[in-house]
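Each of the two complexes below includes subunit A, the first together with subunit B, the second together with subunit C.
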Partner chain A sequence: RHYGRGKHTLRVASRANTHTHTTHKHKRMSFQPYQDNGGTGLAIAGPNYCVVAADTRLSTGYSILTRKSSKLITLGPKTVLASAGMQSDAIMLRKVLRMKSVTYEHEHGKPMGTTALGQLLANTLYGRRFFPYYTFNIVAGLDDEGVGAVYTYDAIGSGERVSHASQGSAQALIQPLLDNQVAHSNQTTEKRILSLDDAIALAKDAFTSASERDIYTGDTLQLLIITEEGIREEHIQL
Partner chain B sequence: WNLQIKFLHGTTTLGFIYEGGVIIAVDSRASMGQYMSSASVKKIIEINPYLLGTMAGGAADCTFWERVLGMECRLYELRNKERISVAAASKLLCNMVYGYKNMGLSMGTMIAGWDKTGPNLFYVDNDGMRMRHQMFSCGSGSTYAYGVLDSGYRFDMTNEEAYELGRRAIFHATHRDAFSGGVARVYHIQPGGWVPIHPGTDVTELYYQYMYPSRAEGVEEVVMAE
Partner chain C sequence: IRVWWCSKRVIMGDNIMTYNGGCSVAMVGKDCVAIASDRRFGLRQQTLACDNERIFRINDRTFIALNGLGTDVETFIEKLCFRLNLYKFRESRDIAPRTLGSLVSNMLYEKRFGPYFVEPVIAGLEVDKATGAVTPFVTAQDLIGAPCFPGNFVVGGTCSESLYGMCESLWRPDMEPDDLFETVSQALLASLDRDCLSGWGAVVHVITPDSITTKTLKARMD
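Presenting the complex of A and B:
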């Protein structure tokens, strides 16, 4: 189903009257509000940390628009939002969320926590249920107890708290790797909890591998590490 | 080019009333087209301590509207100083989504609870349909679940038989329906409210128990991380 305010079909008449045998070239113009700008994000939650990573490539079709576009934004002192999909919708979404979270801070006298921001995102996305933000989001940070929290959403706000998540063009490449390494799925050896350094290494490996196989993922990896001390940033070439 | 946004769909959910109350059982798979986006979705929505809702169809539609329903139920309690009945709660939900009829909402949900009139089970969907009956199954795997439910159901079952029936019906649906899977969750609604019986049993573990009982070593209860 095409999402938007309906399909508008404009027919430009060809010069059918003057020619007997003409291939009627009808210029069909329809409302195409969406495009996919590619790119991928992931997040891994640990007992006292959260690692969020996203590439910085912005594409359209087979072209690269820029190699330096960020998909990550800090929404709160301990919370980061990663948005893959259409970046113009992502930019608007960030503005709207920033406005709502700043209003909350003024009204409540404290910044929004990760869980609250997750719910805010879900409700904001659902508010556009009939003309969605074409964004695939991950909210990641530390919850009120200081434990790593990752929330993953679909385009209209269906969210779930998980231990690890990926979204975007390389999601199908990265998610199985995270399932295996973070959640220990389908492994017969003993499970171990990832340390922060392990999680960072895993995120880097996931992206270097995904960049090899997905044309829309690459250039630079932007990594944000959220701990009790705050949010630290790293950049890795892909 | 025409980009279609795919939402989370595909499910098996079921509920039935018996002598001991209401059993609600669900799977936990979410799919976006042919990509399995999650194996740990909570399709039983805890509206309040004595009302449960299930999720089938669009995940966001179900969670959003049942959350609004929870808010309306709370307001009812504050205004009327008594708990809302299941009939009224399901009607609130039904009327909410009827306003969006034909606009593309996808929601097939069961509202279950225990109120003054006893155990109740209502089915509400995005077409504005609302029905009360003693057994329902919704979702892409519902046909498989109905088969198992119909063959094993008796009103005077014991609690254990009822839990087993619900879990087995979910298992068989997940086995045959590609869009159902993950874990089987079973909740029991008693006079005082709902109780989770099986918070999450991996259906691949149940496979050996139900299909090859002689080979099963015993099913391990896998409690999924919340």
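Presenting the complex of A and C:
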């Protein structure tokens, strides 16, 4: 019922216009199990070397959490894992892989090779098919013959061996550059095999370009160079 | 209107800008510019044509490429030609690239709350009447006409992230026309190969003060 004259009416609650339902609409509180911490990794395989690179920026939303977080971990004497995506899942994944590879070493009397670690990662990721590790991984190293091997995976373990790969927030920016320079795609001149120095220079160039255009990539570039002698580390400011 | 908008979303899907696919890039060289695009026209994943023209010649010194929804590309270029004919009548001269950029920006912003789903890329040579000096010029805008003038290269379309990565790595200042052609071609082809919605060949125009060279590239036809 309305009381008062003209436009200014006093609306008095009566049974006619009182809402009788007791439930009220409220925002559904939900827990988001995943977050994207950004970052990018790449790997290039050569005839007797493997170059793995990743940036060290950790972000959430539009903020930077730290500029010094590593995405690379050494899984075996000749194998490195690069994980981009959610950092807590990456840490958990590393722990699980480390546990399994130590068990393997005890059982077989020798450390796991790159191909074996590649398969182990694929199986581990698929084991969590219905609640995945939110990580985008690259396994890189030297295979049993001493030739560079790079395996690239999606979040649920679909992977393959390739000559070059990139994963993470700047994947779309870096992958075509690697296709063009490593695999020599769309070029009519004779293909040349990249030397180790060329591959390192290419990785640095790819990351400097990616840091220009991708906000989640930057700060420092951590490079691991795997050769017969072992694994060498370099740090470059971006 | 509400019903029309809902049904359009059902037809077009979640992203109107990726419905037809396609991409383009423009780069600045030494007294020259290059503009290139792919030739695919599709409906989501289905390819319908492999000879789609996305780059339009405005005059001998100015080209525009339109990425985005195919029907809006056609409509917008027709409206643009209408405005350019009026410009020609009034000014009795060809439009300069920078002025074209302003015109396109204005036309797009007119439709601020119901835009044309096109993202233009403009490339051209600015000629100084007094000295005859030629300055290469590129610009790109979003669908409501916000321009950027980076001075080196601009990209647009479904594989724009890949194009940014390629151009950022391959571009260097003061490239001669032949070098510029190679650089634009490699940047575009490498990016096309990583995008399902772009491809089926490419067209590259290299514009110098004396000539326009048009080349069609045969890439992976898939």
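Some observations on this one:
The rule we apply is simple: the second predicted complex is superposed on the first by the 213 of 238 C-alpha atoms of A that agree within 3 Å, B and C clash if a C-alpha of one lies under 4 Å from a C-alpha of the other, contacts with A are read in each partner's own complex, and residues count from 1 in each chain.
In this text, contacts are C-beta pairs under 8 Å (C-beta built on N, C-alpha and C of every residue); 3 or more make two chains touch, one makes a residue touch a chain.
As the structure is a prediction and not an experimental result, all values here were calculated from the model.
In the superposition on chain A, A:L177 contacts subunit C only, with no contact to subunit B.
With both structures placed on the common chain, the touch criterion links A:S195 to neither subunit B nor subunit C. In the superposition on chain A, A:Y34 makes contact with subunit B only, not with subunit C.
In the overlay built on the shared chain, the residue A:E160 is in contact with subunit B alone; subunit C does not reach it.
In the superposition on chain A, contact of A:E212 is made with subunit C only, not with subunit B.
Measured by the number of subunit A residues touched, the leading partner among subunit B and subunit C is B.
Of the two partner chains placed by the overlay, only subunit C lies in contact with A:N186; subunit B stays clear of it.
In the superposition on chain A, A:L125 contacts subunit B only, with no contact to subunit C.
In the superposition on chain A, the residues of subunit A touched by subunit B in one structure and by subunit C in the other are 172.
On the side of subunit C, the complex with subunit A involves touching residues 159, 161-162, 164-166, 168-170, 185-186, 189-191, 193-194, 219. Subunit A contributes residues 1-3, 32, 34-36, 122-123, 125-126, 129-130, 132, 134, 152, 154-163, 171-172 to its touches with subunit B in the complex. Across the complex, subunit C is touched by residues 170, 172-177, 179-180, 185-187, 205-206, 209-210, 212-213 of subunit A.
By the touch rule above, subunit B contacts subunit A in their complex via residues 1-5, 7-8, 30, 32, 35, 37-38, 40-42, 58-61, 63-64, 103-105, 225-226.
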